[in-house]
Structure formats: structure tokens, C-alpha cells
Amino acid sequence: VIAEKKMMPFLCRHVRGFCATITAVRESDEQKGTHGMTTARMIPDEEATGLVREVYDDIKATKGIDFVPNIWRALAVNPEHLSATWFKLKQTMAAGALDPLTKELIAIAVSATNGCRYCINSHTGAAVKLGMDTRMFSELLAVVDVFNGTNRLADAYQVEPDAYPEVPPPK
Amino acid sequence: VIAEKKMMPFLCRHVRGFCATITAVRESDEQKGTHGMTTARMIPDEEATGLVREVYDDIKATKGIDFVPNIWRALAVNPEHLSATWFKLKQTMAAGALDPLTKELIAIAVSATNGCRYCINSHTGAAVKLGMDTRMFSELLAVVDVFNGTNRLADAYQVEPDAYPEVPPPK
Amino acid sequence: VIAEKKMMPFLCRHVRGFCATITAVRESDEQKGTHGMTTARMIPDEEATGLVREVYDDIKATKGIDFVPNIWRALAVNPEHLSATWFKLKQTMAAGALDPLTKELIAIAVSATNGCRYCINSHTGAAVKLGMDTRMFSELLAVVDVFNGTNRLADAYQVEPDAYPEVPPPK
Amino acid sequence: VIAEKKMMPFLCRHVRGFCATITAVRESDEQKGTHGMTTARMIPDEEATGLVREVYDDIKATKGIDFVPNIWRALAVNPEHLSATWFKLKQTMAAGALDPLTKELIAIAVSATNGCRYCINSHTGAAVKLGMDTRMFSELLAVVDVFNGTNRLADAYQVEPDAYPEVPPPK
Amino acid sequence: VIAEKKMMPFLCRHVRGFCATITAVRESDEQKGTHGMTTARMIPDEEATGLVREVYDDIKATKGIDFVPNIWRALAVNPEHLSATWFKLKQTMAAGALDPLTKELIAIAVSATNGCRYCINSHTGAAVKLGMDTRMFSELLAVVDVFNGTNRLADAYQVEPDAYPEVPPPK
Amino acid sequence: VIAEKKMMPFLCRHVRGFCATITAVRESDEQKGTHGMTTARMIPDEEATGLVREVYDDIKATKGIDFVPNIWRALAVNPEHLSATWFKLKQTMAAGALDPLTKELIAIAVSATNGCRYCINSHTGAAVKLGMDTRMFSELLAVVDVFNGTNRLADAYQVEPDAYPEVPPPK
């Protein structure tokens, strides 16, 4: 994809008919729901009915976007799983005792710790929309760096906890 | 340790001399720096000299505590590593574009994703000191739950990113 | 806990009043919902109301047990997260294209790969109820062993996929 | 590779001589065993002798395929490791108390939890050959999703096991 | 277990008959192969026959010890898996292009990165036998610390490799 | 990138002006510090001032290279984090009780266990410079394979440690 992104402008300029063909095939891909190389066919927006339709519409309305991101189109192969996952995520990410940006920062921390490429890009994009700049991003990643390191030190030195705190209820 | 914590009051009440002995041995342990079952001997506060002394004093001053937590006493076997780790962590956790509580929440998210028992207890305690209550804690863990799950979905369905965001510089 | 489990019979036999005291304190713990050393107070069955009550009752009815397992009592600090997590899990583990035992085997595989002690014990117990014996368990773990090993070989040798399969729809 | 797969048909149609050249170079690559960008040279089928020959032949016979997958050609740089790994894997994946499809589902669960791209594609392909459809695949991944999430909750809330089951021997 | 190890001397001194009872029960446990709280019964040395016997004898001879460590007694529930695992491990850890101590250091690095308590203790013990001191151990763990941290930075910043090295054959 | 590397020679030969354009754009990219698809802009060598300048110069001098690798240019968005990370890493990887090659092998083991593509390539390259050949590399990876597998067995069988070693101080 990286190669594609960088080569496209050159190829379009230098290979006759290249871009027209690419565009045509992409639209065709979109119609068939086959986009990229997922392990299961992604359900395109046009084919969505019933529970999938309801979730797709709610995703677009909630996020204020006019397309359904790839991850949800992949999950749509199992409408019940799609629905339970989307509505739990939506409820989890809504403003509460923590604000939405803080929640996106936590989502990036988890995704970075797991090395999930799709998720890192997706949540970095979402956090930018909510106001994250490079200073905040780099401070977040510095924390991710430090504790991925020291977590393994605590395990390797087999250090017992100094205390067992119990988190207090809200005042 | 769990058993110990629960049994202690009973044993002290029911076994003559038990608590006096325990207390004596603990103090002795502390003097020798052998506490728990770490894979390397922890350097006790009394033995700290040079670089280790400097770090121990800075830890106590920075955190406003009168003891050196186990993890740092374990790292002290290698003074250079102790020093580089402590000063990098101190710098990383200081207030900046993100506030200290947000940074502790991120530290908990990383430690939970890695399943590090010492670190979960340590950072939960630190976050409580900074004002975290059960509502904030449970919302943090809900985010950790959701994205540890969906990270693996994105990988398993082999979903390509929808976009490659670039985080903007601070305004 | 291990020490506790092994010592209890001896202590009860040898320390006068030990077992009576333990039993009394346990019942008191249970009433207060403080059991073990969780990072947040677990909500005891007696205090459950509203959404928590509904979930607790459904857990007991669905699993055919007369107590609420620790994990759910911990999640109850956040009723919405408890509810979304329980109903998604219940739906996910129900018989479908895969039978419940196969799903429990997969849950053990995930929990072992993550090294989650509570989860390994919990799902091993659930799989035993559904008929898992040591032959099945050891074959499951042999698969977990082999692919945790070879996963890292594929990453380390940086081997490109031989093919990009697309899973077909049900016939 | 993704870009390659999608661009090839266009390039072949639009750039004169492109496909003939590609094909020639590929065959040449294959002869030299240099395929892709692995960190060690993959041993091509033609060069396999001794223990490597024996393993390559057994892989093709066991799997009913006429080529040696990339992972095994990478391991062949160390014939003893190749042999021990292949024969242990073959024995592990053979029908036993669990059938081969169930074992492939477990292999996918492990590979998804580890985020191993080669392995996810490889085992998804193998499971499809054994009958896995999108309904089974999506139910498998729903279980992977749920327990990667709840594993971290059990760790973060520091929940003690409710029981320590012992798996019974086969009847 | 930690509590047990620390309490034992006190209990033996203060609770009449305690140590005699403990000792008797332990010997009985050992005979039955039930030691600790494993999820499957460990096969005791006395019951080992056939393939299990062969592996148990080879473990004791290879390691120069007079008992079979817990992990192998747990694996013995599946003799074929026990055998394939032991002989692959034995071959892997033998002196080759890397010496046995270097291999144990790598085993500790992997076990620390995975947070496996049994394995950290087991390989730390093995490395000590081969000459590892606290200076070597702490330098090993410093490397484990640094790269568990920076691995996540490379993933989170989505940095492309600077080069794709191919490891050369031995001279 | 893989596709790019393989296609370039063909495209240069077959598409008029292709290579000249590519080269021009690359140089332009380099000047702007935008290389690849990182989540934050990489600071190019030309823009480095102050603390970043100091670190960039030390990286080039220490490694004996004439460019700044991508990971450091990404970290430069936060000069304090860049500096603390580089100087800790430099100190950690210097010859000590363990030689630099052994330390690079450990770095590969960690990176493979975490599945970090950038890091695997980077440390494999560094180890090759220090003398690693395919025999050493494959023995390293065999150890990584075996213990990523058995780590999960120890966790899944819930095996208690046989001993709690304490690493001795240097003689």
C-alpha cells in the first residue's frame, strides 16, 4: 500500500490509461465489497440490511462520516458480533468520568502495546480530530515506552507489590 | 502474600509470640535487603552509596515517600541502569502537554495489557493519589477491554488501514 | 492462596479457634464484598440493584450456579460495562456454528497465550464441565505451544504469506 | 505485496514486456531461493539434500501440495531445527482427541492473539480446506475478541480465581 | 507459596506438630504426583512408564539432577507431546554456534517479555549454574527493558525499516 | 515497499522517465523529512538543532554511519524523550559484562517475541555487522521458538516454580 501510494502519481502520469483503469476497478471492488486482502469478504454499504444496516447507519451518524470503516465491514459477516461490538465500543468511548480524548489516548496506548497497525492508525486519526498534537502524542508514547520496559523488569526481577491499593468510589 | 495478609491477624491472636517473631524477622530482612523472593538481592536503603544513594534520595523526594519501592531496590544491582531508568521515568511522568493523572492512566493501560501484577498495583496506587476513583478506573479498564479485543479482530480479519494520519504540531 | 489452601487443615487442627475465626471473617467479608485483594471493591450479591441485579441473576441462571464469580462482581463497579460485557460474552459463547466446548477450548488458548491466571482456571473449569478430559486438554495445549513458537519464527525470519485466503460463506 | 497483487494486471496490460520480465525474474528468484525479503536466505527445493530433503518431501506428501511453503524454506537454514519443528508440528496437528479442524481453529486463535500475519493467513487457508466457512470463522474471532478483552480485566482488577480445577483423565 | 516459605519456620517453632504434619503430607503429595495447583495431575516419577520413563530418565541424566521438574511432570499427561518437547528443547539448548549460557540468557529474555513466572525462575536458576552473576543478569534485563520499550515506539510511530538485511552463511 | 523494491528495476527499464521522477521526489521527501507513512513527521537531519542536533551527531558518531535511522528521526518530535531514550540505549548496549553481539542477540529475541518488524530488521542488521551468521541466527531463533512455546505451557498447566533462585554477585 505504501508503494502504491507513492507510485500512483508517477504511474498515472507515465502509463497511459493507468489511472482510469485503477479507478474503474476500485469502484467495482467497492460494489463487491472486496477491498484489500482481508481474510473474509467485507460487506459493502450497498448490501447492508437488517441489523447490519442499523449498525452501519449508527456508525456513520455517530462518527459524522459518510463511509463505513473497513473493520466494521469485516465484522459484518456476523451481524450479532458486529452489533454487540459496535454498541459496546460506542458506550465505552462516550464522555463519562473520562473525556473522549483521554479515552482515545488509552486506545492508542493499548494498540501500540499490541502492535496493531490498523488500530494505531485508526485511533491516532480519531485523537487528532479531538485535538491531539505531536507534543501530546509524543508524551503519550514516552509513557508507553517507559512502562513496556519496566513492566518486564518487575516481572524479571520477580518483585512483589509494595501495596495492594483499593480504588475509592467517586465522592 | 494474600494468605499472609489474611492470616496474620488470626495467627497473631492465636499463636503465642508469632507477631513478635514476624516483626523481628522483617526488620532483619529489611536490613539485609532480602525482602520477598526477587531473582536478585535488593539493595537496602542503608547500603546505598554513590549513584544509588543519589537515585534513592531523589525517588523519596520526588514521590514524597520515606521508603524506596521494591522495583528500584531491585534495579540498584546495576547503578547505571537504575539511574537511566529512574531519570527517564521521572522526566516522562512530569506534567507536560498531558497531566500526571492522564499519564498514570496510560501506565495502568499498558500494565494491564501486559498483565504485570507489580505494575498494576503500583500505578493504581499512584493514580488514586492523583484523584482516580472507581468510575474513572472502570472507564479506563472498559477502554482497555474493548481495544485488546478489537486489536485482534483487525489483525485476524487482516484489515488494511482506512487512512494514514499524520499528527499535527502544537498550535 | 496456595499456601492458605494447604495450611488450612493443619492450622485448624493445631491452632485453637482458628477455623471458627476464619469462617466468621469470611462471612463478614462476603457481606462487605471485600474478597481477596482486587484493585476495586467487588459488589456483593446482596447489594446488587438495577442493572447489576439483572446481570447477576442472568449469570446465575445461564451458568446454573448459585454465586456470582469474582470477575463479574469486580466489573459491577461500572454497571453499563458489566452489562455490555456479560451480554456480549453470553451471546458469543452460545452454541452456533461452533459448539460451546470448542469455544471454551479457544478461550483457554487465548488465556494461555496471554498468561491470564484467573481466566485459565475459569475456562479450564468451564471446559471440564462440558466434557474436556486431559487428553483433549493436552492436545489443545500442544497446539498452543507449537504456534506460540512458530508465530515468532515467521515474524523473525520476516516470511511473506504464501497466499491470502478468503474464507467462503456457509453453504 | 498487496500493491503488487493489485497492480500486476494493469501493469501487464499497459507496460510492454512487463509481465514477461516479471515471470523470468521470478523463476530466477525461485532457483536462487531468494523470495521476498526474509532475514535469512530461504533454501529452494532444488538445493535440498539430506535432512532438509527428507523434511521437504514429507511436508509435500503430508499436506498434498507440490511446493514447500516459505516458513519451512526459511527454517531450512538450520536442518535440525527444521526437522524437530516439522515433526513436532505434524504430530501435534494430527487427528487425536481433537479433530484437525478444531486444531486449526486454535492455531488461528493463537496467531490472532499474537498478531502474526503469515500465520493468520496460513492457518486460515488450512482451516478453509478443512471446511471452515465465514460463520465458523466469525464465531471463532468473536471468542478471540471477548477473551483478549476480559483477560486484561481479570488482570487489571486483580481478581483471584474462584476455583482451581483439575482436568480429569479420559474415561 | 511466598507466605508459606516465610511462615514455615515460625509455624514450626510455634505450632506443635505442625512441621511433622507438613512433612508427612508433602511426601504423600509427592507419591500421588499432586503438587501445587496445576490444571492437570502431574505424573510422579514412580508412575512413569514407556515413553514417559525414557524422557524422565533423560531429563535427569542430561541436567544432572535427581528429580523431574514440575513442567515435565505436567506435560507427561501426553507422552508424545512430552517427548517431542523435551528432545527439541534438549537439541536446541545444546552447545552449537552459541554457547549454553548465551542460550539461557535468551530464554530469560523471552520469558521476561512474556511475563512467565515459572520460566523466569527456571531459566534464571539454569543460567546461574552456568556462571551468570548479577552484573550479567542486570545487563541482560537492561536490554530487555530498552527494547520492550522501543519496540512499541517503532510500532506506534509506524516507522518503516531503514534496510532489509539478509544474514550471511557461516564462513 | 517489497513491491516497490522488486518492481523498480522493471519500471525504470520500461516506463520512460520513471526513475528520474522517483529520484527527484525522494530527495525532496528527504529534505522535508517526510519519508514513508509515520504517524508523526520525522525531523530531517537538516532541521536538527539544540538537543536534537546533539543526539543526531552522537548517533552518527557512535554507529559510524552517515545518516540518522528513521526511528530516531520520529522520536525527535520530543527532544527530551529522544535524548533520554538514545543515551539510555547507548549505555545499555555498550560492552560490559555482556559483549555487544550478545546484547544484539537479546534485542532480536525481544523484538521477535513482540513481532516488531522495524526492530527485527534493525537489530538483525546490527548483529550481522558484529559477526552474526545464519548458524548463530537460526540457533537464536530456535531458542526463541522453544520458549515462546513452553512459556505458555507453564502458564496453562499453572505449574509452580521448583525453586526461587537468587543470582549471586560477581566474583
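Labels for the chains are A, B, C, D, E and F, by order of writing; each one numbers its residues from 1.
Throughout what follows, contacts are C-beta pairs under 8 Å (C-beta built on N, C-alpha and C of every residue); 3 or more make two chains touch, one makes a residue touch a chain.
Worth saying up front: this structure is predicted, and the values here are computed from it rather than measured.
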| Given that chain A is a copy of chain F, what angle of rotation, in degrees and a multiple of 5, matches their CA positions? | 120
| query | Quick check: more C-beta contact pairs in A-B or A-E? | reply | A-B
| query | Taking all residue numbers at the chain B/chain D interface, are over half used by both copies (same) or under half (different)? | reply | same
| query | Taking each chain's centre as the mean of its CA atoms, which one is farthest from the centre of chain C? | reply | F
| field | Distance between chain centroids, defined by C-alpha means - chain C, chain E (Å) | value | 25
| task | List the centre-to-centre spacing of chain A and chain C in whole Å, with centres computed as mean CA coordinates. | result | 27
| Junction residues of chain C - those touching two or more other chains | 1-5, 7, 11, 15, 36-41, 75, 77, 81, 85, 88, 92, 111, 113-117, 120-121, 124, 134-135, 137, 139, 141-142, 144-146, 148-153, 155-158, 160, 164-165, 167, 169
| task | Could you tell me which shape the graph of touching chains takes: line, ring, star, complete or other? | result | complete
| request: Enumerate the contact residues on chain F facing chain B in the complex. | output: 37-41, 77, 80-81, 84-85, 87-88, 91-92, 164-167, 169
| task | Spell out the part of chain D that touches chain C in their complex, as residue ranges. | result | 1, 5, 35-40, 69-71, 74-75, 85, 88-89, 92-93, 96-98, 102-103, 105-107, 109-111, 113-114, 116-119, 121-125, 127-128, 132-137, 139-140, 142-165, 167-171
| Interface residues, chain C side, partner chain E - complex | 2-7, 10-11, 13-15, 115, 120-121, 124, 134-135, 137-139, 141-142, 145, 158
| note | Touching chain E in the complex, chain B uses residues 1-4, 7, 11, 15-18, 21-22, 25, 36-37, 39-41, 75, 77-78, 81, 85, 114-116, 164
| In the complex with chain F, residue positions of chain C that touch it | 2, 108, 111-113, 115, 117, 120-121, 141, 144-146, 148-153, 155-158, 160
